[in-house]
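The structure appears below as structure tokens.
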Amino acid sequence: MTPLLEIEGLSRHYAGLVAVDAVTMQVQPGGVHAVIGPNGAGKTTLFNMVSGLVVPSAGRITFAGQDVTGWPAERRAALGLARTFQNIRVFAGMTVLENVLTGLHTRLGAGLFGTVLRLPRFRTEERAAIARARAALDLVGLADRADARAQALSYGDQRRLEIARAMAPEPKLLLLDEPAAGMNPAETEALAALVRRLRGFGTTVLLVEHDMGFVMDISDTVTVLNFGKRIFEGPPHAVRQEPAVIEAYLGHKVAARLAEGARAGVRGAG
Amino acid sequence: MPPWLDDFLWTYQNLVHALGINGLLALSMYVVLAVGQLSLGQAAFMGLGAYSSALMTLKLKLPFLLVLPLSVVVPVAFALAVGVPTLRLSGVYLAIATIGLGEVLRAVYLNVDLFGGALGLSGIPQRAETWMIYGLLGLAVLALWLVGRSGIGRAMEAMREDETAAQVMGVPTARYKMGALLASAVLAGLAGCLSAHVSSFIGPNEYAFEPAVTILSYVLLGGIGTPLAPVLGAWVLTLLPELLRGFSDVRLVLNGVIIVLAVLFLPNGLLAVRMKRIGA
Amino acid sequence: MLAQQLVNGVLLGATYALFALGFTLMFGVLRVINLTYGFYFSAGALLALWMTRAGWPIWAALPAASLGAGVIAVGLDWVLLTRLRRIQAPELSSLMVTLGGVLALYSAATSWLGPDIRRLPPGIVSADAFQFGDVRITTAQLLILLATTILVGALLLLMRGTRLGLAIRAMAEKPDAAQLMGIDTGRVAATVSFISGCLAGAGGVLIGLNFNAIHPYMGEAMMLRGFVVIIVGGLGDIRGALLAGLALGVIEVMTAGYVSSGLKEAVAFLILVVVLWTRPAGLFGRAVLRRA
């Protein structure tokens, strides 16, 4: 199967620091792929390179069959790449519906001329966009808040709005940057249900997350980063037991003790 | 037209013209602030439009029908020269370059004979009419309103709120910023041409620092929620010195104070109205 | 003739550098484009005018006016910028607020004092000149050279050799870390405003002396040169501001002498645009302000 997203030898250096170190990874279409790792492992930098907000120092990114490595963020959206942000970035002064409509920007081709003259193409596209936006709001359960100002929404609702905005253009790949951040268990559960629904739309999900329960619950594949390097990749149950991963999170002494305990037949924690 | 209106317009002709022209200038600033940029070049672009159109009328003897559209050529050229390098950098550079532009042009107008030096250009035939000014103003407000209620308008507001998030949605922010700057140059250039052809005289000191900052005060007072708001801001600040004699001395001080108060306390302007951005 | 032009240019450039230093310091440390800076320049000149008319000699008026401008700077900074700093407003906000503030200040000063150009009292500086071969340097010019050298030297000494200088440099690099290290950023910010105001004020007196013309809007005319110097030299870069200032002075004098006096501003602006097109980080650019 041709991967939807392929990252080859991707690196990012800053003066005196290597944030991402020659990471190679493939995201297959369909399903949920998670990227995890301790703080500072390079996950957000990786995400920023994939979405086009940070220029890689080395390596290549291929998305939907195209080499997008040098492309600015705005070009990637048209290919079907969408993303949400760790610190929610909705457009506060605009209404919920308008926010979702901005997500559909790449689908509106009418141009200045058509807009000012209100040509038929403009009208049709605008109506279609509104319909799609409402459908996206239905998907996340915000249909009744369509005319509220985005800043008036609760944190959890703003997160859902961001997802609706990203999903409106029916992207091929959705990047979710710590979607469960700041959520209580009930909200996290609802979010997991939502992410499962996204799969039904033909959207592949790539997510970065710290909440292990969430990750293990909904992912098909997990890639683990530490100090900018990829240290493991596999299905969730394998990741749990991989010594390199345990060491990365808990440190080498605890990992050694757990390994000893497991060998002695004592059930370790977690 | 009823005779009382005729009389009124005749007596207050200059004021009526000024209201229309300042409205156009306010829109020229609005368009740039609407995409989250700060350009202070409106007065400079106006000057370029005024001088180039005056020269076209006086020296080339072109008919006004041609002069009016051609008056945008020079302002647009300068907008490109200043915009292309600065728009890919932080917004501060555009602001600085446009303030500098006004000053430099003032020095050029003063020192180059073609522009009449300190005396400026006089004897410009009064080819522009009130209806042209208001017609253009009306069209501009309408066009900006129609654009505001569309995908383009949403993209502009999104860019203003959060440029990075807008880029991720696919909004071509660099292109829109340039577009807004060029639109600003067009509006200001037309305002300059019309102004030159209703007041028959233009001088080098009319298009530099003070008018540039004054135009900003129009828009900060009125707000940028809808295209009509900055125009109303311009009207209030143009009428005030007329209505309150003795105010004209402190007019500039007032404009400066308004900007300070607006930025510190009233970031949405006096009219904190926001237009809907859905076009269907 | 050429040597004379060069000398004139270097002296003019020295005042440009002095002006730009304060401006770039404010930007580098406080991250504001503070347009009221031009007013400190005018204020220094006006204060010196008032003092010398009251009978003070130039060697007393210059430092006093400079300190006065520094105090005004701290006051204005507090009124206009504290609130914005507190809410961490975008940089365009500080640009706008200082723009409005400076318009109000210039026009208030003009309303109060009238727009006429004034001169320092005659004889305030001896009219003697010194001849070095082909080159003639007036006492006024020597004063400028001396004052600028002292001030720049003092600034560099402060920045490199004192604890305050270290605190300022720390704040310029990483304000949050500086605060965590126990540096009172509020006080350092006020000190930087004060120093910038002094530098601008001194520049105002010296330029007023050099051209024998003082009027409230004179700071505004300098701002273009200020922009050119700080952008060509690199925003926040002291060494760059010095070199760019000197270079600009020489280029302007040469243009006035060999091309046309009226086009010297155009040359400055042309340099600005060319630098923005080609090397926006400036000669020594550390980091360009890209869109965040």
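As written, the chains take the letters A, B and C, and residue 1 is the first residue of each chain.
Going forward, contacts are C-beta pairs under 8 Å (C-beta built on N, C-alpha and C of every residue); 3 or more make two chains touch, one makes a residue touch a chain.
Just so we're clear, the structure is a prediction, and the values are computed from it rather than from any experiment.
With every chain reduced to the mean of its CA atoms, the largest distance from subunit C is reached by A.
The chain closest to the protein's centre is B, with centres computed as averages of CA atoms.
Among all pairs of chains, B-C has the largest number of C-beta pairs in contact. Centroids built from CA atoms put subunit C at 49 Å from subunit A. The mean-CA centres of subunit B and subunit C are about 31 angstrom from one another, to the nearest whole unit.
Distance from the subunit A centre to the subunit B centre is 43 Å, each centre being the mean of its Cα atoms.
Residue numbers of subunit B whose C-beta contacts span two or more other chains: 164. Counting partner chains per residue, subunit A has no residue touching two or more of them.
The part of subunit B that touches subunit A in the complex is made up of residues 143, 146-147, 150-152, 154-155, 157-158, 161-162, 164-173, 179, 274, 276-280.
Those residues of subunit B whose C-beta lies close enough to touch subunit C in the complex are 38, 40, 81-82, 84-86, 88-93, 95-97, 99-101, 103-104, 107-108, 110-112, 163-164, 209-210, 213-214, 216-217, 220, 249-260, 262-264. Here subunit A touches subunit B in the complex through residues 51-53, 72-78, 82-83, 85, 89-95, 97-98, 101-106, 108, 110, 112, 115-116, 118, 122-123, 125-127, 129-130, 165, going by the rule given at the top.
In the complex of the two chains, the subunit C residues touching subunit B come out as 33, 80, 83-84, 91-93, 95-97, 99-108, 111, 220-221, 223-224, 227-228, 231, 260-266, 268-269, 272-273, 276-277, 280, 288-292.
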